[in-house]
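Note that subunit A is present in both complexes that follow, paired respectively with subunit B and with subunit C.
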Partner chain A sequence: MSMTSISTPQVVAGADKAQRAGERHTGWLLLTPAFVLMNAVGFFPMVYSLYISLTNYNPTHGGNARFVWLDNYASALLDIQFWHAIGLTFVFVTLSVGTSLVLAVLLSLLFNLRYPGFFLLRTIILIPMLITPIAVGIVWRIMMMPDLGVLNYLLTLVGLQPLLWTSSSSTALLSIILVDIWQWTPFMFLIVFAGISALPKSPFEAAAIDGAGPIRVFFSITLPLLKPVIVIATLLRIVDAFRTYDTTFIMTRGGPDFATDLVSVYLQRINFRFFDLGYGAALSWITLLIVTIIILIFTKLSGFTRIISEKENR
Partner chain B sequence: MGIQIKDVRKRFGALTVVNGVSVDIAEGEFFVLLGESGCGKTTTLRMVAGLELPTSGSIHINGKDVTYAEPRHRDIAMAFQDYGLYPNMTVYENIAFPLKIRKVSKADQRRKVEETAGKLGIFNYLGRKPFQLSGGQRQRVSLARALVRNPKVFLMDEPLSNLDAKLRAVMRTEIKKLVSELGITTIYVTHDQIEAMSMADRIAVMRHGDMVQVGSPLEIYDRPLTHFVADFMGSPPMNLFPASMTTAGRPTGEVREFVDAIPDHERDLISSRLDASGQFTLGIRPEHLKLVQLGSPGSARAVVDFVEPLGQTTNVYLTAGEKRLIAVTDRCVSHVGDVVGVYAPPEFLRVVAN
Partner chain C sequence: MSMQHDAIRRGSKAALAYALALLATAFFAFPIFWMFTSSLKGDEIITAYPPVWIFAPSLQNYVKLVEDLGIMTMFINSSIIVGLSTCLAMISGTLAAYALARFDIKNKQMIAFEVLSIRMLPPIVSVVPMFILARWLGVFDTYWLLIAAYALAGLPFVVWVMRVFIQDIPQSIEEAALIDGCSRVEAFWRVTLPLLMPGLAATMVIVFMFAWNEFLLASMLTSKAAKTLPVIAANTLNAKSIAWGMASAAGVVMSLPVVVLVLLMQRYLVRGLTLGAVKG
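Coming up: the complex of A and B.
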């Protein structure tokens, strides 16, 4: 009796071990396609671009690429045009993401009042982010035409001076920022509104009873409680805004007089008009490094990691 | 002074949640709204708080009409079922928040927060965030935040329902002690009759949006007016027998011996408690039923179905005729299948409305 009761578990344990090993193999087998694909389209091109960035590879020059070590990186540090593009991009990202964020929070507060009819309006508001960026660029370029565009028509209608919009180097950057805000505020609104909708009700009721007015409630409770959501939305938008290319390219091609020459537009020119792929790869790597540093500073300042760990503990 | 609720109604669309509730709550009174979920007790409380507006009726707090006033203009404090703490603030900041709004000086804030926190035993947690506290500690923080500014009126919405049984018992006495020391007028919402009985100066039992009975805990326990109250209060609940009186002065009912024993002063109540079809209910608390020798005068014959020994007392489940009864006795020697006599002392028989 006691023999069987001792030996039975051993048999089961043995079977279990074999079975678990088998399961592990199945796991790897299932992972393989994704693993191969990720490496083929993600990891390999990255390593390859790092390699190219150390060469003077330019397919239009023919012949083999020469290994130039860090020459491309050294040239990049002295490339005024590149740093001009980085500076413009920084201004673009700051103004666009900052304004979108403020608008998104205000819209979320408004729509959180949940008046009848808001449901429809909320859906309409989301439309800009669903439109192809190329189409957005074309439509806004037409609307911003100094003589034929509807924007100047509207300005004169209310008695204001018409603007040159994308045709003047002094207003071109602001014009593309305006379009970016128009297109991407809905995205931030969507995230922030979801965040507001999910906030617990009782702290707000407690605040109303404790005597807090709407402004204090916003700054002492709503905003701090929304912080994790705002930080995530902002992070996503920062990364995305740095990559902005299509709309700007369609609207201005980086002009006039390089006034909207964002880093993405500049990189496109180096890589696919001059085909200076070695140098372009080096510039891309420097850009990646800069974006990473900015993101790290942002996460540090916003207390992102602390927010996430508190959230997990809650 | 105190709180006057006059004919307050609340409708959500076609649904009437509170159906004309009126009550005067004296200054310093501990008033409990008791009822099952969905009976309108929380809505009534939220209307007093100003978190919901009544469809009609009026609410006065300390002589001031606050029916449509903002919550912050009512000088009330409230404790919520889910505590309602500010998750982004520390315990200290949570408790200090109402003081900060009232522009109390930093030094006074500190003194009051520390004093209140000390009283509630959360002094050591002042630096923590709510998520680092247990349920009991969070509830104390919510009480501290409510008490720190000496409110005139304290509203509590099932504040103990998220706590375990042991902690609930402790907090019950603590809250009662604190509130009566400070003399704050309190409305306390609960579905737990033990909380209601142990804490209240007066209880209002609510059902389907109506206050069906208002009275002191013992009054409600001893003299329930309706079948619902009689059944709702007490565990195990009152034994209730359907009875009727079609001829004046001659009630009839299921257990003959009990109907015959109805004393005169209860007999006089019957006509006022009859429903349209001449029916009423006769009730007696399980602890008042006596198990006696079979055939004793005035007793009914009953069979023991089930015995639940609880240590100090024993619940005995019986059948008399068709009717099932519960008697709470001292430790007893009844066994399943015993045939016994049950005796209902006339002074404990109650006539209640259906």
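Coming up: the complex of A and C.
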């Protein structure tokens, strides 16, 4: 804090205390539009949602909402369908983000060889993350048609058994995970590649002199040096994977037989098909709590806060 | 002998690398190729088996999008909503970022993390209260609602990324302008802002991308008048016999602006997407 006040211009300009107070006012003035936006559109609806979650509000029931205290939260704890959705989402996030991360690191190592033409290929690989998720759902649904889809055609072409993809409850979850991996590996690849490109040369030269093999170099030099970048990419990906909705909505709507009933799809059904808004609000608060705990555990284990504060103090 | 051996080894390493790189590119590019070609096929060609690779391309699906579905209206809706929300996020966010980067404010760190927490908030949580409040305030199915919601969603990107960009500009440049008799506003307008332009453009593209592609809030907070492109594209799948060709064409129309913009602005993409945490 004292460092920043020394380096602010009013000290250089030879300002007194009064002027500095004026500067502080200007600072707050500049923050005001963002604060208004945050409170009016962000904070206020959230508080309101907390209130709704304590009522049995349902607009299709006409009458007024009754205050039911923690009834909604109590029913949520016994809602098997909800915990099924939470469990599925957890599997979805773990498999999708885990696989994306491994693929992203492998792709980064490969493209870091920087042969001619690799830049173009790298740019093409970025495109999936830019496609509107609804469009992603549409094209994968076309490709995954069990009888007529091009994926089964390609599978039979190389002598494999065709799959039922999203039409069977045993492969549906893996199918939407595949789509998620396809769309978001480019995101992690982009970030990890930036990290690999910025690595210092000297540790690798030292390792070469010591005669360390490529696998040893990867695990004891590359990976530790890349850790901050990997942690940031993974954290952002986890946050977004938990809210996955669009592609699943297009491809399966949670089916078949609830095999892809991710928590966002389930909440959506409670809220906007049954209009059980009080209960839905309670469920979303529980979901938010679970996601926050998982993210906190991840940041703790990965040393994320340390990475960020090191950046802040640089 | 050993030199020849080395050359062979290097050559086979390069061949292997090219093979793997092409395989990876094929995996990521194929669905995009399929979406694009499907948008140029009639529905009977899309559902033909085995798949048809060579066909006479037709713009029929795009014509139907405009004539039957009236997609121009949604294109205009999307453009207005995303354009205004992006501007709102950019202006309020950049001002806040400047305050956090340059002014001596109490609890700076806490404010920054409060802004960041918006990035963590799933829209599925905020959609219910927004739905109820919007009906109550009479802004349901209007531009204003989505503009406000998307501006909020863009805010953490702008504040965090622009803060890093502003910190990267040496303060001495502004101080020199102040000593030369510029006011604080003039110093910002004439000296800092021009230097920030690349950063602003890069951040804007990312805020634009997230708002343009957003579906959940758009589908729940609009019904007719303020419908955006992703909502109408999702609707094409609701009909009894799904118009695959039209759906693909809608996918292409939606995705094209983002793909073009982002590929043009690739330079600061990493920094923007990681909210300033990783330099690209």
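Here is the rule we use: the second predicted complex is superposed on the first by the 287 of 314 C-alpha atoms of A that agree within 3 Å, B and C clash if a C-alpha of one lies under 4 Å from a C-alpha of the other, contacts with A are read in each partner's own complex, and residues count from 1 in each chain.
Here is the rule we go by: a residue touches a chain if its C-beta (ideal position, glycine included) is under 8 Å from a C-beta of that chain, and two chains touch if they have at least 3 such contacts.
None of the values given here were measured: they were computed from a predicted structure.
**Q** Give one word, clash or fit, describing how subunit B and subunit C relate on subunit A after superposing.
**A** By the criteria stated at the top, subunit C and subunit B fit after superposition, with no clash.
**Q** Using the touch definition from the top, say if A:290 reaches subunit B (first), subunit C (second), both or neither.
**A** neither
**Q** Would you check which partner chain A:148 touches, where first means subunit B only, second means subunit C only, and both and neither mean what they say?
**A** second
**Q** Does subunit C touch more residues of subunit A than subunit B does, or is it the other way round?
**A** Of the two chains, more subunit A residues are contacted by C.
**Q** Have a look at where A:109 lands relative to subunit B and subunit C in the superposition and call it first, second, both or neither.
**A** Neither partner.
**Q** With the two complexes superposed on chain A, say which partner A:138 touches: subunit B (first), subunit C (second), both, or neither.
**A** Second partner only, subunit C.
**Q** Applying the touch criterion given at the start, work out whether A:164 contacts subunit B, subunit C, both or neither, answering first, second, both or neither.
**A** A:164 sits against neither subunit B nor subunit C.
**Q** Is A:210 in contact with subunit B, with subunit C, with both, or with neither (first, second, both, neither)?
**A** A:210 sits against subunit B, while subunit C stays out of touch.
**Q** Touching A:30 in the superposition: subunit B (first), subunit C (second), both, neither?
**A** A:30 contacts subunit C only, not subunit B.
**Q** Look across subunit B and subunit C in the superposition and give the shortest C-alpha distance you find, in Å.
**A** Superposed model gives a least subunit B-subunit C C-alpha distance of 8 Å.
**Q** Which part of subunit B faces subunit A closely enough to touch in the complex?
**A** Residues of subunit B touching subunit A: 49-51, 70-72, 74, 76-78, 80, 82-89, 97-98, 101-102, 129, 131-132, 142, 145.
**Q** Sort out for me which residues of subunit C touch subunit A in the complex.
**A** Within the complex, subunit C contacts subunit A at residues 14, 17-18, 20-22, 24-25, 27-29, 31-32, 34-35, 38, 46-51, 88, 91-93, 95-96, 98-100, 102-105, 109, 111, 114-115, 118-133, 148-149, 151-152, 155, 159, 171, 174-175, 178-179, 184, 209, 212-213, 215-216, 220, 229-230, 233-234, 237, 244, 247-248, 250-252, 254-255, 258-259, 262-263, 266, 269-270, 273-275, 277-280.
**Q** What residues on subunit A touch subunit B, complex-wise?
**A** 200, 202-203, 205-213, 216, 220-221, 224-225, 227, 310, 313-314
**Q** Quick one: in the complex, what on subunit A touches subunit C?
**A** Touching subunit C: residues 1, 4-5, 7-9, 12-13, 20, 23-24, 26-28, 30-31, 33-38, 40-42, 44-46, 48-49, 52, 57, 59, 107, 110-111, 113, 115, 117-118, 121, 123-128, 130-136, 138-143, 145, 147-148, 150, 153, 182, 185-187, 190-191, 194-195, 198, 229, 232-233, 236, 239, 242-243, 245-246, 249-250, 263-264, 267-268, 271-272, 277, 280-281, 284-285, 287-288, 291-292, 295, 308, 311-312 of subunit A.
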